[in-house]
Amino acid sequence: MTLPRKHRSTVETALEYQVLAPAHFCFNIEAAQRPGQTLLSERLAVSSGVAVRSFTDPANGNRFIRFDAPVGPLMVNYQAEVELDMAPIPDDLAEVPVGQLPDDVLHYLMPTRYCESDVLSRAAQQMFGGMQPGIGRVRAVTQWIHDAITYLPGSTVSTTTAQDVFVQRAGVCRDFAHLGITLCRALNIPARLVVGYVWFDEPPQDFHAIFEAWLGGRWVLFDPTGMAPPEKLVRIGTGRDAKDVAFSTLYGAVQMTRKELRVDEGDRDVQLRIEAELSAEDA
Amino acid sequence: MTLPRKHRSTVETALEYQVLAPAHFCFNIEAAQRPGQTLLSERLAVSSGVAVRSFTDPANGNRFIRFDAPVGPLMVNYQAEVELDMAPIPDDLAEVPVGQLPDDVLHYLMPTRYCESDVLSRAAQQMFGGMQPGIGRVRAVTQWIHDAITYLPGSTVSTTTAQDVFVQRAGVCRDFAHLGITLCRALNIPARLVVGYVWFDEPPQDFHAIFEAWLGGRWVLFDPTGMAPPEKLVRIGTGRDAKDVAFSTLYGAVQMTRKELRVDEGDRDVQLRIEAELSAEDA
Amino acid sequence: MTLPRKHRSTVETALEYQVLAPAHFCFNIEAAQRPGQTLLSERLAVSSGVAVRSFTDPANGNRFIRFDAPVGPLMVNYQAEVELDMAPIPDDLAEVPVGQLPDDVLHYLMPTRYCESDVLSRAAQQMFGGMQPGIGRVRAVTQWIHDAITYLPGSTVSTTTAQDVFVQRAGVCRDFAHLGITLCRALNIPARLVVGYVWFDEPPQDFHAIFEAWLGGRWVLFDPTGMAPPEKLVRIGTGRDAKDVAFSTLYGAVQMTRKELRVDEGDRDVQLRIEAELSAEDA
Amino acid sequence: MTLPRKHRSTVETALEYQVLAPAHFCFNIEAAQRPGQTLLSERLAVSSGVAVRSFTDPANGNRFIRFDAPVGPLMVNYQAEVELDMAPIPDDLAEVPVGQLPDDVLHYLMPTRYCESDVLSRAAQQMFGGMQPGIGRVRAVTQWIHDAITYLPGSTVSTTTAQDVFVQRAGVCRDFAHLGITLCRALNIPARLVVGYVWFDEPPQDFHAIFEAWLGGRWVLFDPTGMAPPEKLVRIGTGRDAKDVAFSTLYGAVQMTRKELRVDEGDRDVQLRIEAELSAEDA
């Protein structure tokens, strides 16, 4: 008997803002188009009168929309139906010697804004350097983060780095992922951040951040939070760290008034709460 | 009367290492091929028996060589004769509103490993936010760094960031450039690091790091150290910060035994010191 | 005509907690007994059944109470009527050469948990080193903090240091004071933290933190926030930094449920809000 | 059979400086006078013509000398013969509940400049919180530091804190001690720094820093470096952290030209190297 390899999700993001002065918005909320992730349908809606520009980062396939917004309310809504191909992960994936890494993978060994693998190099070596290289070592890193770091909403801010999380032992999903990336890089295993949509057992639903490491010549997903199966994540973006895949980057005086996500995996309850304001604004 | 716009430099890097265990090397020392910088000739030599692979990063044109090296001495030598077109910089270049920045420039507003423009946002606004936008403001940032930061070799390490330099008020050329980048980004002016070869009045000759900012629809170079005219820099690499353009990245147990640079601008004295060891090793 | 030198304040603190597991409390909320500050009357009340121990730190005169508290609600109330002697500050106070500082003042030149005067040494020298020494220089430091740092409740946490505030340019009163202390120490001017009660024009009333510097052979108060006249502060404690004068230090699982301060300067409105719970508990 | 409890050491410090501009010196190099440590003889010599002032900090018994020094060479020499009473440490010393700590011990729970026990609180609890309280837990902390942190001269600077050392996993004796203090305080065990003279098996001889924790109603010494038996340390100073017990604090333009320590435990070889300059200067 084999497990089903196809997984279908319907995802939706509803964002609302109050623009206090003319502002520029840049969003990265659309599901990526990539092997193993097929967009069956999608729909993007932005408040009328806004000229939306879209582009894809050739380095990683991330899709962005950006636009100038006038003063007043602003609404962004994205829906997609996505089919994932959940290829099983072999248990014997090996670490790849640095000298054999592809040229375009090499950079994922470098420290970044949130992932100071240079500073944490000795700690990573001391904790995991003696282990057998391979996928088992990355799983051990992932398990250690899961055990040692407390999942605590509000314990970190937008400038918190992996080093901070390593010290304070608390964070949220992106902090867990940053620490995983950092420890892997410090062990000479290329690693990067992945953000997307996935169904959480415990609400509230939100964007999720996990990480992937280069093993056996491919990228393999790991989730130190254990909040959801990595292979069911509908990928939005891939980056060196969270700075590459912020779901929104806003330039100007803007207040977020609503942020709501829905993930429907077919056999689960729908989490969407319809808010009166949205209908009103659409009218 | 017009100033000469063509500038010719001969540059040379001589690096030597003692490899203590099999190691992987990655170098970014070759002059970039780009508009305004013409390579008249170049020569790269690596110790015999080493299989050198080269690649160019499509995102920024940086050229890399990489190779595995066996135990023993290793030598890398690069020479190039380069002609630069020193286009004059107009005095009225304007800052570009974020909404009008090209898609591929947008990312140079983001904080990076060494450039925490998020953390320094309020300081930048407080110090330079009230000034007239445009090239004059970036010149004011550059001048402030020049005046406020002490150039002090040995005062920073490989993990020092712009925030550290802002606090401790001392650093070397790459620290000066990182701080310039950081303050610009915090003012919503895209900025990035540029490294290369340029003649120093005061020895010792070394790689130089400066920064460029996006003004009037083009990149403009600035050097907060004032050590050399930016337009005479033979560019090696361009990156978000120093992590993108390290001249060498070494994986393994390796000791550097020699690092010597020469820059000859034709009308200047040659700085090359020939070391006996080099000849011996070449033989 | 001379200004009145006597100033009378009535101060009150009402604190309530929910103790979830047996805990130990240590408070530093009582007005200090010191020259220039006379306690006309005072009253301390703690929930019945609690054995309160009190002590005074001989190094700085700070008064502490401490006790074990059982599970359940806990109330602490302190009231005092205090007369201050507001000696005028001469305008020509000089900085004292380090060699002439009293032995017990020398230590206030040292960096502490929140005041990294070592790290900020060069910045302080660069910004204020060229000024005429004396009280005018400390006033310039105070004014610079007032102008450069944004008073922003919620922008800092209990571990925020002067270095952080110098970078992020935002904080609350204790952050302002810590930065003042730090810059003074970096200029070889002894400085320390003072906390107490003083009437705020803008509610809510809270404990206030300012700093004092050693000038002309005496301690002189400065308030970089400009929120209240330093000479009207009813002093609770004096310390190297906030770690010496925390108003409360709690060991155990405890929730604060009420914190209310009142300062009545006689000619001002009373700010006290009586809460029903307090009466109930007192009964 | 019982072990000998008396231990006799002869210690000597020879310091030389070149004073470039009139400067103020403060030293903390004299052996403390305290129960269990008897000074059989001592001799302090400072260059002629210098007026030396001495004082003892009443809070901790540390002895200081301070003086103004004119331009030119300066020499300080201290010798002492000390007898230590090495009381055996019981194996069953208990941690003392916070509520039962003496008033003057309470402060050794607070974070300090180098010991951010607040920031490392969760890490300490996660690593050692589940262990049996008592001296065994402090020994486990000490052993963990010994195993996890690499002793690496040059890896830290004068501003390095316990948090830095926890991250970078390298340091020297005072870093080891600061981390021990920090983890103890985070576990609600009072702890403080102790510096002094002790014989090292491996040269060069230098001042040594260890820590002590409050257990069973007394201070107990621990040395995470394992470089020497704690009970053989001739104590110079005791403090909250290294800021309280710097062997020298210099105000002015001064270059150290010689620093030499000797510790002679009677049955060991003498480490003293006589330098010609010293004799010359004494003449």
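Chains here go by letter, A, B, C and D, matching the order in which they are written, and residues are numbered from 1 within each.
As a convention for this text, a contact is a pair of C-beta atoms (placed from the backbone, for glycine too) under 8 Å apart; a residue touches a chain by one contact, two chains touch by 3 or more.
Note that this is a predicted model, so its numbers are computed, not measured.
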If you take the chains that touch chain A and keep only those that also touch chain D, what is left?
none
Chain whose Cα centroid lies at the greatest distance from that of chain C:
B
Answer with same or different: of all residue numbers used at the interface between chain B and chain C, are over half used by both copies?
same
So, in whole Å, the Cα centroid of chain C is separated from that of chain D by 32
Hey, how far is the Cα centre of chain B from the one of chain C, in Å?
48
For the pair chain A and chain C, the C-alpha centroid-to-centroid distance in angstrom is 44
Would you give the residues of chain C that are in contact with at least 2 other chains, written as numbers and ranges?
119
For this entry, which pairs of chains touch?
A-B, A-D, B-C, C-D
Listed in rising order, the residues of chain A that touch chain B in the complex are 24, 26, 53, 55, 58-59, 64, 66-68, 97-99, 103, 106-107, 110-113, 116, 118-119, 158-159, 188, 243-244, 249, 251
State the interface residues of chain C toward chain B in the complex, per the touch definition above.
119-120, 122-123, 126, 148, 150, 163, 166-170
